Amino acid sequence: MVETYIVAFSCKNRPGIVAAASAALFEAGCNILDAQQFDDLETGRFFGRIGFNLINDADDSLVRARLASAFKPFDMEWSLRAQNQKRRVMLLASRWDHCLADILYRWRTGELAMEIAGIISNYPKETYKHLHFSSMPFHYFPVTKETKADQEARIWEAVRTSGADLVVLARYMQILSDDLCRKLAGRCINIHHSFLPGFKGAKPYQQAHARGVKIIGATAHYVTGDLDEGPIIEQDVERISHRDTPEDLVRKGRDIERRVLARAVRAHIEDRVFLNGAKTIVFPE
Amino acid sequence: MVETYIVAFSCKNRPGIVAAASAALFEAGCNILDAQQFDDLETGRFFGRIGFNLINDADDSLVRARLASAFKPFDMEWSLRAQNQKRRVMLLASRWDHCLADILYRWRTGELAMEIAGIISNYPKETYKHLHFSSMPFHYFPVTKETKADQEARIWEAVRTSGADLVVLARYMQILSDDLCRKLAGRCINIHHSFLPGFKGAKPYQQAHARGVKIIGATAHYVTGDLDEGPIIEQDVERISHRDTPEDLVRKGRDIERRVLARAVRAHIEDRVFLNGAKTIVFPE
Amino acid sequence: MVETYIVAFSCKNRPGIVAAASAALFEAGCNILDAQQFDDLETGRFFGRIGFNLINDADDSLVRARLASAFKPFDMEWSLRAQNQKRRVMLLASRWDHCLADILYRWRTGELAMEIAGIISNYPKETYKHLHFSSMPFHYFPVTKETKADQEARIWEAVRTSGADLVVLARYMQILSDDLCRKLAGRCINIHHSFLPGFKGAKPYQQAHARGVKIIGATAHYVTGDLDEGPIIEQDVERISHRDTPEDLVRKGRDIERRVLARAVRAHIEDRVFLNGAKTIVFPE
Amino acid sequence: MVETYIVAFSCKNRPGIVAAASAALFEAGCNILDAQQFDDLETGRFFGRIGFNLINDADDSLVRARLASAFKPFDMEWSLRAQNQKRRVMLLASRWDHCLADILYRWRTGELAMEIAGIISNYPKETYKHLHFSSMPFHYFPVTKETKADQEARIWEAVRTSGADLVVLARYMQILSDDLCRKLAGRCINIHHSFLPGFKGAKPYQQAHARGVKIIGATAHYVTGDLDEGPIIEQDVERISHRDTPEDLVRKGRDIERRVLARAVRAHIEDRVFLNGAKTIVFPE
């Protein structure tokens, strides 16, 4: 079977980027399958993602060398990945496990092509007794106001030693410190149970109910210093009515949250998301 | 052809409301076609809407009398309307006419079963030279900061003398004074070109773009003292991407705005909307 | 805590139905919380659903007696149920367990307020080793062309003795015989992995892909003699693009299927669905 | 102001296409703004679209020459267009004018950046008296079974002499002959008032109603020999309920039809649609 590769790249825009990338791939014996490029005129940055395979099973070290030399003049940020070289993902959860259960299910069916580096929770393993964790590492890191710094140090250590490329806050109900947020910046996805920036703060569903909104939503975003304000990756909504109680909104919200989080994780592990200032570029799958 | 009637009613909840209403209709020779009731446990109010026709073309004054006597003990707010007795609607517009054009089109095709009491604009009739106003009254009421009070007095006078049941702000870009808002409370619908309460304030599409949101929306609501904060009647959204410029958002926003406003107006003129504190009850069509 | 009841009823339409029902409830000391009625002018049938509670914790046998006597003249089909008296549901599954896993999850979180009467599969229990069945009965009924009649007899026996009110074909990949379909008519829900009647027959996602459709969907419906043609309860869709391979459609289809099936099951166990000839009435939640 | 150009191209896939195109653009002094490429592994065809502008207002004849020479070895089908060089579009309509009115409105606001080559109808101009056609050519070509061949000859002549790039059947209710379909193949868009291939044949809304579907849709597609079976460009849907009569479906259908047709026309005139066997490639805007 022929292996597929993804090269993702971004730099300050100037003429010749696509020409350089595609010439390098051509010369290294690659066949382009799918390519998307975008030049953000506002921020002046250029973003590209090219999927390709190697003709005659050529060696990929040549591709890497050609791309390195082609990208050098552009001061390019770039990554090259064989599709079967999967991203490692650490999952953080708390009491509510609908997002955790959903991600594990999609991982099991192959829909989320990633390796699970482990699960971290501030609740003990028994909380999830109907979920199968098989042999994946489970870290129970309880937390109180007093132990928060220590607990975060344990989280960071677990993430670091696990070799995780991505951290997913699967409804992890603790607010991360600015320090940990910064350490994880650009590789930590949070799901906000609200259609940001609609209802910030606590109990967004109650706020939505009090306001009589007709649509609720959820937002997946990268974590930055400000937990609920990072660059948005994905959002979705659902229609509600006056019959819906706050409990109904919570229930419908769970459906949206797990769908939105799964799509955001999928986009990230497929190298389709790029940071672009306070925003993201998300190439469609 | 048999005439269809709509009775809409609401009161403080207590047992016996539906029994009283349906007994009255039965005794007056009515056949119920469609009925919806809802008891809001939070606000303690009960809301009902019954569509019916008269058997053997009976006289509707009997229905009215029976309902009046049945509703009396409940201190009921209620209205009875033959479906062919259409609501009169005054349309207010400014420079951007997409909502105005859309409402006129839907009125022309019979989709919005209403009478147009007139059009008020702070722009002259020539602004709309590709729209057909036929013989409907057009009021050109220009406005400046200095003449605002006067202009609003003219608006109010035009609304009052036209016998309008409803005022629709079809992207009327002037902020109504608190005084006029109060006079029109509960019978004036505004379309807010944003997914309220997401982005308040000026230029919501620019705000949405800066924030990199993946979904934009629009909100139709009743006008209260606070122009952009009244009870929400209808909302809808559209998916956007990083390719969309602020201009694209404005364009896509126009599509949502006209759709949302038309649905809200339709719900109102069909007696399907009830005020319920800061919220609304909207029975589905 | 005050118990909530649901009365669901339908009959040939004639004046006085709502009056009779609501008078009976009033006289039996009930307070209506939510009521919906609909008269289908085409089929001439009337459908109603009333949610209510009892004032002063009155006895519900009185309610039942009053309703029975009120409904008698109308030749009414009706049911009365205390909301805490849950429907019993038998789940049938095959190799693909996304719908089964989803229903179990929603049952566990209380979103589907039902009792699980058991699980029947033509695959052994080990197939689902990452799902927790706890103590619920699991019936492994393998099937071949030759043993089909026998196997269906075992299914029917298991359903019958379990006291199940509803059978859910959670992607059960065997075609039920006409005979079993008839036995289960009106109380067996199937999920069809296609936007019926869009693509009938085998491999609807491949058909959809070949045709280059831009939207795919799924349909939940009651089983009748013709397996894929029964009255539709719920449908939903998802947008796709030329980038989606047939495998992508299958994956996206799974998401729609489980969402649509869960909504249909929920509507049924909440007594919100009525058969109406070849169609259904589904009162919104 | 700097002019933006679009080059759209497709050929049998082989390595080096993107490299050739982007090198040619780079050498001709172009700056890529937005690029999308796709290799359909099934049909073996490659599709690309690149938006770019010229640095220092260079001459576009150089670009054209460079592209021509770069594309030659690939037996490329390609087009180069300055964005301000608008497509010319002929509109065909019949009695129902909701699509025609909508397209004219969007053209007027600049949302559809095209030139209107004229309007052809089998109804006289008075049918559309509330629409403003200004000075655009209006062709009244009545048709009967006997005059169909003649009438189609007049249509073809009008299209041909008008220099139209695209013909839009804006709910033109006559079935075009196979001969005319073939002449217009790939440059004629039809709106089908149904979620194809859901309900073929006459009266799809009545079929949908009889079947009790919960979602209706519309489909915009290129015309081929078989009028309702050409490659799909765009589809959309709307949720309906048992309350909706066939008339309600027609009304809701109008909203979907005009939205879907407008999006398809927009995609075509922006060179974002490619024929790919029985399907299309539609690059997102």
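First chain written, first letter: the chains are A, B, C and D, and each begins at residue 1.
Keep this in mind: contacts are C-beta pairs under 8 Å (C-beta built on N, C-alpha and C of every residue); 3 or more make two chains touch, one makes a residue touch a chain.
On a predicted model such as this, the values are computed, not experimentally measured, just so you know.
Suppose you list every residue number at the chain A-chain C interface; are over half of them used by both chains (same) or under half (different)?
same
Would you mind checking which chain's C-alpha centre is most distant from the centre of chain B?
In terms of C-alpha centroids, the chain at the greatest distance from chain B is A.
Any idea whether B-D or A-B has more C-beta pairs in contact?
More contacting C-beta pairs are found at A-B.
Roughly how far is chain A from chain B, going centre to centre by Cα mean, in whole Å?
Taking the mean C-alpha position of each chain, the two centres sit 42 Å apart.
How far is the middle of chain B from the middle of chain D, if each middle is the mean of its Cα atoms, in Å?
Their C-alpha centroids are separated by 36 Å.
If a residue has to touch 2 or more other chains to count, which residues of chain D qualify?
Within chain D, residues 34, 38, 241, 243, 284 contact more than one other chain.
Which residues of chain A touch chain C in the complex?
By the definition above, chain A touches chain C via 34, 98, 101, 105, 108-109, 111, 129-132, 134, 241, 243-244, 248, 251, 254-255, 259, 284-285.
Which residues of chain A touch chain D once you look at their complex with the stated criterion?
Counting only chain A, the residues touching chain D are 13-19, 21-23, 25-26, 29-39, 41, 46, 50, 55, 284.
Can you check the complex and tell me which residues of chain A touch chain B?
By the definition above, chain A touches chain B via 38, 40, 195-199, 210-215, 217, 231-237, 241-243, 276, 278-282, 284.
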